[in-house]
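Labels A, B and C are assigned to the chains in the order they are written; within every chain, residues are numbered from 1.
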Amino acid sequence: MGSLAIARLAIIENLRRKEFYVVLVLVLGLAVWMAMLNMGSSGTGRFAKDVVMQVTWLASFALAIPLAVRQMASDLEHKTVYVLASRPISRWHYIAGRTLGAAFASVACFACMFLVLVLMMMFKGVTSVADPGLWQAFVLQITALFMVCSIAMLFSVVGTPGAAVTFSLLILAIMRYGGPSILALIAKMPPLARILSWVVYLTMPHLEFFNISQRVVHGWGPLPLSILGQVIVYGLGYSFVVTAVAAVIFRRRWL
Amino acid sequence: MDRWLPKIVIAGAIAILIFSSILVPRLRSANPQDRDVLIQVLGGTADFAAEEAFHEAEVYFHAGFDTECPDEQTDHHVHREVKASESVQLPFLKAIEHLQGEAAPRIHKHLVGEEEKELLPWFIAAVRLNPHYIDAWRVGSYWFYRTDNGHRGIEFITDGIKRNSGDYRLYLDRGILHHRIKEWGPAIEDLETARRLWKNDSEDSPYELRAIGTYLRDCRAHQRVGS
Amino acid sequence: MRMDAAIEVRNLSVVYRTGRMKKKPAVKDLSFQVKKGEIVGFIGPNGAGKTSAIKAILDFIPLPRGTCIVDGISSSDPRSRQRLGYMPEVSFYPKYLTLEEFLHVCAAVSGLPARSRQKAVMSAAERVGMTEHLKSKLSTFSKGMLQQAGCAQALVHNPDILILDEPMSGLDPIARMRMRHLLADLRSEGKTILFSSHELGEIEMVADRILLLDKGRLIYQGPVAEAVDTGGNLEQAFLRLLGEELPWAA
């Protein structure tokens, strides 16, 4: 109950800040522009879908990472952590609550932007609300947001806010967009470097699993349910483990 | 006023965004040599973005399958399915590859028919980001011709010629398009201009000079017999 | 631990690392008890170690040397804070929340069931005289109002033990009088209060006992009356006990 109350605190705080509304308005503006886009006889359906989808996905990450990092940084800087830490909750509950709050707030922001995306695509006639692939992409992105928030929280526990945001963005960029290429690069390394690299590669968050935007844009159909289930379990499990590691580190921290 | 000011600013930004999509093309056509102000501000990033947009057109043609395979042993010009890397033997790594393959399309296919029009916005984006991106003008004009009609392709590459009037390759391709739609006179004009501007500056240059000659002979022959 | 001790500290030492090989002891071998139902004033000059000791009791400093027992439970166990309320010295609270929302969150985190939270929130706000500000955002509060909000959050779950760090700081005279009355009411309810303050006059009026710290060590503990027994007031007793003589001291 303590964690959920702290999560609720984080949600209210973050939804009352202005950043989300600014980003939402920008995504809305982009969606309106794309919906009106007319390049003569050229088809713009996939193009509009792709651009708005990528911007929405990126914007949701761009909101989630600073949001998650800010939870801890703000609490420690302003000593508001004392009010919570003096209650009968463990450090694990505190970290879990803050991470959940950041994740839920990010998901709420993403859901609003996703709604804009769906409306734009329906206006363009390039998708149907009943498209299962679209909703799978939505669910997977939510899971990815949970992972990203837990990673950002871990970095904020061990480092400064700036470093936490930087490293979180770096990992996001490398794994989400370069994940498949890294395996091939590792295969070319000498044996010892290859083994070490595989170990690091396995511990990194495989955010590329959660990016099925190309499937949705190009109409490849939904993922098999077994794959969807495996990926979601992986995402939530990874988030749990990372949050637990953050809690263990935070346990030893002097407030 | 303090409460309303941010909202006014945001509404203004949206209005600028919407109207720029209408106004900017009109302004640009008045000064074809100039890049959009926004693109000038982006600088070298715009060139990089143009290359990515061009690459995206190829990805779109293959329905989302990125043909630049990570395995350099595979020739991406050859239509071949990506196979799992032979060096990846461990089960958990195979599982990772399998999941990666499920997330992103890996079966090679092409867009067909009306779907091919989906490539065109990327060519438009590429040349808008970098008006001197010759390959984008050339390949884009072909696809405009193929998906719409020859005149649309000619219109597209003419825009490119306005911005790159010294490049023989654009005259060559426009000449070829005129040839395809049997406009012999304009084709000859463009091909002769291409020959006059031709420079031996790349591996393809001698072949392109030969192509200019071949098309010229063909156009003249058709013109003589009046067909 | 003695059964009538609400807080028991034994051989507590807190050492801060100030550099790679440098350490600064903040608390040295501190031992004291706070009996149930009494008000104890925690006093000392700046840097004496009062806040460090309080942090150790609240487990803000994990695993210090020595032991801290709160309500019969080791301070490292979160359950030791079940019946404890803490008012921090620095009154920073989540500025995007209203007072009511903030107190609700505090009540929820303290484990109060949902059905009793609203009543608890109203009661806490009423006790500190902040009922009319419940719907206001904390960002609009003055320093004194934030102090009162801090007191409200410490009381919202009706704790038996209260640790107040500089509760009078920033309060106007009326609010100080209200706070003194509140402390007296809490004592009459059988609450145990440990409060640290530089306002020796307030401590003299309210506290049953004082604990005087200097350079991390307990210099004096005993009833307030005993400390001022030789005449004068607590401030003079404070200076005398610390061995300080100032030219303007009477």
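For this structure, a couple of remarks:
Operating definition for what follows: contacts are C-beta pairs under 8 Å (C-beta built on N, C-alpha and C of every residue); 3 or more make two chains touch, one makes a residue touch a chain.
As the structure is a prediction and not an experimental result, all values here were calculated from the model.
Averaging Cα atoms per chain gives one point for each, and the point farthest from that of subunit B is the centre of C. Comparing the chain pairs A-B and A-C, the larger number of C-beta pairs in contact belongs to A-B.
Centrality by Cα centroid goes to chain A. Each chain gets one centre point, the mean of its Cα atoms, and the points for subunit B and subunit C are 71 Å apart. Rounded to whole angstrom units, the spacing between the C-alpha centres of subunit A and subunit B is 33. Each chain gets a centre from the mean of its Cα atoms; for subunit A and subunit C, those two points are 41 Å apart.
By the touch criterion given at the top, residues 1-2, 4-6, 8-9, 12-13, 16-17, 78-80, 82-90, 93, 251-255 of subunit A touch subunit C in their complex. Note for the complex: subunit C touches subunit A at residues 55, 58-62, 78-82, 84-86, 88, 90, 92-94, 96-97, 101, 105-106, 108-111, 150, 153, 163.
Within the complex, the subunit A residues that touch subunit B are 18, 22, 25-26, 28-30, 32-33, 36-37, 39-47, 179-181, 183-185, 187-188, 198, 202, 206, 208-212, 214-215, 217-220, 223-224, 227, 230-231.
Subunit B contributes residues 6, 10, 13-14, 17-18, 21, 60, 63-64, 70-71, 85, 87-88, 90, 92-93, 96-97, 99-100, 102-105, 114-115, 117-118, 120-122, 124, 144, 147-148, 152 to its touches with subunit A in the complex.
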